[in-house]
Amino acid sequence: MRPDFWIVQTFNGLSYGALLFLLASGLSLIFGVMRIVNMAHGSYFMLGGYLGLSVALRTRSFAMAVLAAVVAIALIGMAMERIFLRRLRGQDLGQVLMTIGFALIFQDLALLIWGGDPYNLPVPAVLAGSVRAGGAVFPLYRIFIVGVAVVVGLALWLLLDRTRAGAMIRAAVDDGEMAQGVGINVPRLSLAVFGLGAALAALGGVIGAGFLGVYPGADSEVLPYAFVVVIVGGLGSLPGAMAGSLLVGLLDNFGKALFPELAYFTLFAPMALILAIRPTGLFGRSG
Amino acid sequence: MIRRRAIFAVLVVGALALLGPLLPSYPLTLVTQALIFGILAMSLDLLLGYTGLPSLGQAAYFGSAAYAVALLATERQVGFLGCVVAGIVLATIIAAVFGIVAIRARGTYFLMITLALGMVVWGLAFRWVSLTKGDNGVAGVPRPELGALSLVAPLPFFYFVLAMATLSWVLLGLIVTSPFGLGLKGIRGSESRMEALGYNVWLHKYLAFVIAGAFAGLAGVLWAYYNGFVGPIDVQLVTSVEALLMTALGGPGTLIGSALGAGIIVFLKNFVSVYTKRWLLILGAVYIGVILFAPRGLVGALRRRGS
Amino acid sequence: MVGDQALRLEGVTKDFGGLRAVDGVTLEVRPGERRALIGPNGAGKTTLFNLISGALPVSAGRITLFGRDVTRAPARRRAALGLARTFQITNLFPDLSVADNVVLALQAHTPSRFAMLRPVGAFRELQSRARATLDAVGLTAVADAVVRNLSHGEQRQLEIALAIAGRPRVLLLDEPTAGLSPAESQLMAGLLARLDPAITVLMIEHDMDIALELSSHVTVLHYGCVIADGSRDEVRADPQVREIYLGA
């Protein structure tokens, strides 16, 4: 293998990992605060892509597409939490089943509205080129994705570590009952976190649509990746989501490039290994 | 109590057996399909309803067994018994391997791990084209002909499936009322207490997981012969999700509820698709409706009313 | 020459991050002894029980059960050696019947727990032993009731039943009278007084009267350390103990 093969594959893995981070960080936060496994998270990703597509085609503005997708999906997410999920506080399985129900509805609605063909999100010309370095070609768009993920990662870290809201989130992740006991409005916090998680997923979806495209089934294809990331990284942990998405992105990419027939297997083996050693993931906490 | 259950079982099976010849061909095949998925749903109930382990990966064992039968029958001309045994054994082995990873986890983690493991199998089915024919699937699985007894026509095949479903129901029923089954219910109730009492909780869960995999494999074997065609959808998340809905709808922890749920979902699916393509939308709405209005499932709600 | 103590703890310590909940606890319980473990709230008593039963791993120290080192052994191993416990916060099987709860406790140490093809009801010996246990604790009348529907007092009785069903050699009782009315507490005290004298009992109890009535020996825990250890009268007279319980 020529050296630039490894460089390009590493870069590709990094950019895919960046996308996964956007998706998984939201999933991880939602679980951390609310103990819900949001099976509709992949749907948020896909709907973000589709909505972004529609807005982009209509307004010819990438920025508008991103903004519209993020805001709309955040609102949908919050509505889902407030109107439906909240009724099932404490019923873990019930909540999971309900999110599955929504995932099915979203999947079919997307098929109904946008049809069965795959689409590519038109990206702004400034991001369409590529950079040559050391004999390898790096598409600018992928660099952009990594950049967005880094910015979001930093922003999330600042939010969690430096702001009052972040402290409340961390308290709720640590011990929801105690947090409620010291006066933190956990229901309102749950609503906000759910919205944030949905927004992050949608951001991943609309940006990802620029190089992955958006198509029916994108939701159920990307969801297991998000799960592997949070399982490996540990539910409720932001550094876990970062480490996990990087690991999964690289493993998936190298796996596909080197052993195309074994696909998900390259994910499974390390995941199994990590879980065998640490059942709650790299950075997870038990219980 | 056991006697009452036995009488009830005989009545139900007897009624179905008598109903068979009276039904026209299409409804008969639907009932057959419902029985096959009933076995799958009951296998999930063992895990979910009795042990408290929510698995979203039963399709992995169901589909693998189906693929085994399909490939062996069409490519190697392996006989009926060979295919059946191979299918169930494969499903059991995969469950035994996956169980080692999955059983360490609890609750939510378990759900996600079984989902991811199920996707691994799907990925193999989809990508390992040289083995599984990828998206095209494996077609042309012949109905078995056992000497003089031919299972090609709908009615004899229905009876065969009915016999298998009854066997599964009886075996699973014995398991859940046995000391081992009581142990599973104990685990569902309080793992910490079970540990304190001296049980090897991991082992109990693992055994339940493998047994559930074996029964899911049986369902898969029957599905391959029923459908004549096996494709990636049979190992896909959607199939695991449908199984979960069948159990949730019928009532987790009742066994018969899962079979009932399977019947309802199969009929709903086939009935609904005559009028609209929006089957998934309706399935999703049914899911949400069940959770909101019948959290213990139909049979669960009936039992509650009765006691 | 000291014979095999029923239970021996040497320097047992438990840290939770920066918090030291149990600090170098050393104690020995003789076979057949009745010992009370008392101390103010937060003294580390339940944590100590969790360490002894194996629900939590120790950070340091050694735990020996009838001469066997069980420091690293999982809970089920210790149960197999004859250790049983009750829980301060009732920990039963809420959706099962009272009888089934006891059967679960009984079959835990028998090979029949893996029997898959015969109904539980067919195991006569298990069923009769379950009835006997329920008789011993006075729950025969509610044998078929679902635990969820029992009164708190009845649930506490069942807690005891689950622990004594398997004829343990060492019994850890974590606040058996927690949440009971005075009348119910008296009933519980009567039940405990009737326990097989061969069983070694270590009991956490807040009700001082009951604790001292049922035990000959007392260990006092304060901030995770043993501050007094001796007979009832010795501990009652100990100045440190008096200060904690009477002075403050």
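Brief remarks follow.
Each chain carries a letter (A, B and C) given by its place in the written order, and its residues are counted from 1.
Here is the rule we go by: a residue touches a chain if its C-beta (ideal position, glycine included) is under 8 Å from a C-beta of that chain, and two chains touch if they have at least 3 such contacts.
Nothing here was measured: the structure is a model prediction, and the numbers come from that model.
If you sketch which chains touch which, the chains link end to end in a single open path, with no loop closing it.
With centres defined by CA atoms alone, the chain at the far end from subunit B is C.
Centroids built from CA atoms put subunit B at 31 Å from subunit A. Work out the mean CA point of subunit B and of subunit C, and you get 42 Å between them.
Per-chain CA centroids place subunit A at a distance of 47 Å from subunit C.
Here subunit B touches subunit A in the complex through residues 48, 54, 100-101, 104-105, 107-109, 111-113, 115-117, 119-120, 122-124, 126-130, 236-238, 241, 244-245, 248, 278-281, 283-288, 290-292, 295, going by the rule given at the top. Partner subunit B is touched in their complex by these residues of subunit A: 31, 35, 37, 84, 87-88, 91-94, 96-98, 100-109, 111-112, 220, 223-224, 227-228, 230-231, 235, 260-265, 267-268, 271-272, 275-276, 279-280. The touching residues of subunit C, counted against subunit B in their complex, run 53-55, 74-76, 79-80, 84-85, 87, 91-96, 100, 103-105, 107-109, 112-121, 123, 126, 162, 166.
Residues of subunit B that touch subunit C in their complex: 1-2, 171, 174-175, 177-183, 185-186, 188-190, 192-201, 207.
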